[in-house]
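In the two complexes below, chain A is the common chain; its partner is chain B in one and chain C in the other.
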Partner chain A sequence: MSDQNTFLLDGEEIPFVPGQTIMQAAQAAGKYIPHLCWHPEFKPHGSCKLCTVKVNGRFGSSCTMEAATGQNVENRTQELDDKRRTLLQLLFVEGNHFCPSCEKSGNCLLQATAYDLGMMTPHFDHFYPDRPVDASHPDVMLDFNRCILCSLCVQASELADKKFVFVMGGRGMRGRKIIINSESGKLGDTDFAVGDRAASICPVGVILRKRVGFAVPYGERTYDKAPGSALEAAK
Partner chain B sequence: MPFELETAPHPEKLKRVAIEPVSRVEGHGKVTILLDDANKVQQVRLHIVEFRGFEKFIEGRPYWEVPVMVQRLCGICPVSHHLAASKAMDQIVGATLTPTAEKIRRLMHYGQILQSHALHFFHLSSPDLLFGFGSDVATRNIVGVAAAQPEIAKMGVLLRKYGQEVIRMTAGKRVHGTGSIPGGVNKSLYAEERAALLKDIYQMVAWSRDAVQMIKGLFEQNLEQYNAFGRFAAHGMGLVRADGAMDLYHGGLRARRADGSTLFDHFDYGRYWDVITEDVKSWSYMKFPFFNALKNSDEGWYRVGPLTRVTQSDFIPTPLADKERQEFLAFDNGSATGATLGYHWARMIEMLHAAESIKDLLHDDDISGRELMATGQRQERGVGVIEAPRGTLIHHYRVDENDQVIRANLIVSTTHNNQAMNEAIRVVAKQYLDGKELTEGLLNHIEVAIRCFDPCLSCATHALGQMPLDVELVAADGTTLDRVLRDMHGVCLRDSPPA
Partner chain C sequence: MSEKTKLRVATTSLAGCFGCHMSFLDIDERLLDLLELVEFDRSPITDIKHCGPCDLGIIEGGVCNAENVHVLREFRKNCKILVAMGACAVNGGLPAQRNHLDLRDILEAVYETEGGLARGVHIPNDPELPLPLNKVHPIHEVVKVDYFLPGCPPPADAIWKFLTDLLAGRTPHLGHGLLHYD
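Take a look at the complex of A and B:
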């Protein structure tokens, strides 16, 4: 018998190193726990709740909960995937996600996760929020219609780029938003650069490199090659 | 008599017949007919009652998104919008296309022409032509054609399928692909794709020739009816190549008056507004374009599409189609060139041209080239014009320094043909409805006339007999004199009130 630390994930033993979260251990074992705001390079903050699992019968965010011996973790159960699908539907109706004409289509984690979880309709009434497009930067465009408030751009700009270009601001369902840290509130008035880590961190179609949209044909986009679950588990 | 039936002098005293909907697919159309007490036709109008708003809601969007977004205007000819927008955006990025990019786009376009013309002729119009305009609605559809003449139905289905495969391999998807982007294309043809298309192209050329013979035979058999049906004289406009050849992808604008004299030729479409103005009328959301030189929409309306292109171009640059064109022009001393049903014949000649062009392109190594993109000096304004299956399609955009669209104007084929379609249905109304008791079969003549121009307004009418139709004959005092209902299953019911 091995003295390795393990927990059960959908009945399968998963090894972990003390200090690892359930998500990190699952990732290391090549197991997919659906997620949107979690990224291996940055500190988890458990905001999207898509990675919610049941640990010994209680709900918890797998990206923030530490793995421990004796945990029996339920992940891809009908009950949890149904709840995740509902969370995705809420995200889709809160923003303006027009996949048919979105250049991130095929490279979008939100879209890929919705496919993975079998989301067939938005179910809820659309909010159709009035959100701005910021095209003031010469090389990068921001389309906040698609923002899911994962805050990865905030972390990447702060921790990787040391620039603090993006800030989470406002309150409430309709008030919460990403704010640009410049006097005008425009990206063009910051020192943001197309090579910044924050420029390529967005899991959806908000932060876009200008003038290259649709350059990759069908069949060669990220999630054409394999479903989001397979690619994310392999990260 | 262009406007004799547009507005009746005293409409309040007339009975009203509405054909609504004419279609439920590309916009929502209806026809209203006003009759006097003797059932004489006094007013006929084709109304396009739906407002789409694409020109407005693409404002603020980045220019590279436009070719993908605007093609959602249509599920039948999205490639045409995709390419017209791309051509406009080529100008915005200042690009001159690489040979590979231009040929891949042409291939995509000819695939679109092939599939759209096949769909229009075989699926939507052949039931009328093969069974008669007033024949039983239960069998007057593509399923009826498949039962009565399976070889013809099979030909139509496979021609369309082939065109869609060409689109899929060049654009990425059969409908609403992304292949064409500002300054070029995002893929060329892989070797296996080219081989797969080459395997079947000769059959497609042969079937396209058969299709031309088929419509030619129908004209010969029904000469008098086909020549007279909805016939009217009209000015025409379309793109031609610099040497006067038919070119469905690129060229200069050529316009001729109804008498054949030239109004303008090889006009740079980048300034189309110097020769065309759009008029508006209170009873339709669709505009009425006219030639500036002819002063107003009453005098200057024109038609576009296959009939105009085949008759106005000096030649077709593929041999089989050009031979058919010459036969078409010579047929019965040129009578078919002015017939509304001549649209179908011209359409099949174009389908043959598209098949031949695909064959030629598949033998050109440029379509597998690696040079896909070009750039140049950024511009503020871009105009893209293409000959879509139904006619000239104009996309016009202005883009600001932040790469966002600030203005858009689209003039689609159906808009160019607006007055012409009205004219055709007025002639048909006079020919077939005047003084008669209305029947579902007679009213179908109106739809047959519309179908000659534009399946965007008629494709649902042959959706396996599923178009619901409610025609009401109302007397001046408001009482219903007659009512014909066609349900979702194509069953007709007469609901006449007691006398």
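Take a look at the complex of A and C:
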């Protein structure tokens, strides 16, 4: 297989099929590139920048950049992980991420990624923004305090459910947000259902099924058993 | 008996619930090993009221009132190394969940308009009481903090790993299973 297409990821040869992104090829080879807004089922959004790698010395988002022969990709280097940790810290202070009282704790990709990158403190001054909670739907509640604007719910609702329940709107650091596509702006006035793909796509604790919170005890949750890096690479 | 000088350690809880201190006590018999290496200055264990010169200061809880600010500054002034222990010291924690509400509205709701209050109850205004701050802050927003030990509370094993790393002169490192924000 000497004519197989490959690139180097942290010095290791990774095969790829033309058209695959660096992220897809790495994932297929069981290699972990930290990410939050990327999901294998959907088109890359390229917004969280956590999957930033260095390709032949230049920064690029591995979820949007096509793999090519001759690429020398740096991934888990001290320099890149330091930058990723800073991005995580910015996300933590921009929202209200109070893990001890969050139902998603232990199953949260943001939290697990921060553990993997050894984030001991959010470091920056907190915004403590005033964000709404929407409990209008009978089976699902929304807590926007934890939203990281990954847009996976927008994509899942549009592409998988064909419902267009979530829309990204507003501008600027405080204005940008997920808007609910109903006249009242409430989830209860949409045709959103608990079985929708969008109901289980949220990587953080915004979209939560009602009446199942804290059912799984501490120690037995998804990322209690194995680090996010191991579980995400095995997907 | 070794003549080695013991490191002096002070601990306190600001806007915390003492849960982190309880978790600290959960290191159980390892406390005896710890006491071979350190002696306690101000701490709920000794009941010393003011912090003297120390090698290590451990702060539980965020900063929610004027007294917290004074205590925190006293610790920073006296401690060579200051550690934020637990979610509240690290990011404000549960008390900081009042931060998007107006302080007066909260006090009025709790002391004047809520049901079940005795007649003529008002917002407490005794000069002995420290004044609450408008917002609750993690301690690194008020003083420089050298190390952070997250968790609500940090598990006893995480506290033990953290302290033994620190006392051995290593940068504390908590791996999977010990590093928790909850």
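As a convention for this text, the second predicted complex is superposed on the first by the 234 of 235 C-alpha atoms of A that agree within 3 Å, B and C clash if a C-alpha of one lies under 4 Å from a C-alpha of the other, contacts with A are read in each partner's own complex, and residues count from 1 in each chain.
The rule we apply is simple: contacts are C-beta pairs under 8 Å (C-beta built on N, C-alpha and C of every residue); 3 or more make two chains touch, one makes a residue touch a chain.
All of these numbers come straight from a predicted model, not from anything done at the bench.
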Considering only the touch criterion stated at the top, classify A:Y128 as touching first (chain B), second (chain C), both, or neither. second
For the three-chain arrangement built by superposition, which of chain B and chain C touches the greater number of chain A residues? C
Under the stated touch criterion, which partner chain does A:S101 make contact with: chain B (first), chain C (second), both, or neither? both
On the A-aligned overlay, A:Y218 touches which partner chain: chain B = first, chain C = second, or both, or neither? both
Looking at the overlay, does A:Y115 come into contact with chain B only (first), chain C only (second), both, or neither? second
Output check: A:K210 vs chain B and chain C. Expected answer is one of first, second, both, neither. What do you get? first
Once the shared chain is lined up, is A:M141 touching chain B (first), chain C (second), both, or neither of them? first
Considering only the contact definition stated at the top, list the common interface residues of chain A for chain B and chain C. 100-101, 218
Which stretch or stretches of chain A touch chain C in the complex? 92, 96-102, 105-106, 111, 114-115, 118, 120-123, 125-126, 128-131, 218, 224, 226-227
So in the complex, which bits of chain C are touching chain A? 84, 87, 90-94, 96-97, 99-100, 135, 137-138, 140-141, 145, 147-150, 152, 173-174, 176-177, 179-182
Contacting residues of chain B [partner chain A, same complex]: 60-62, 64-65, 67-69, 72, 93, 172-173, 176-179, 181-182, 186-187, 373, 402-404
Which of the residues in chain A end up touching chain B in this complex? 100-101, 103, 133, 135-136, 141, 208, 210-219
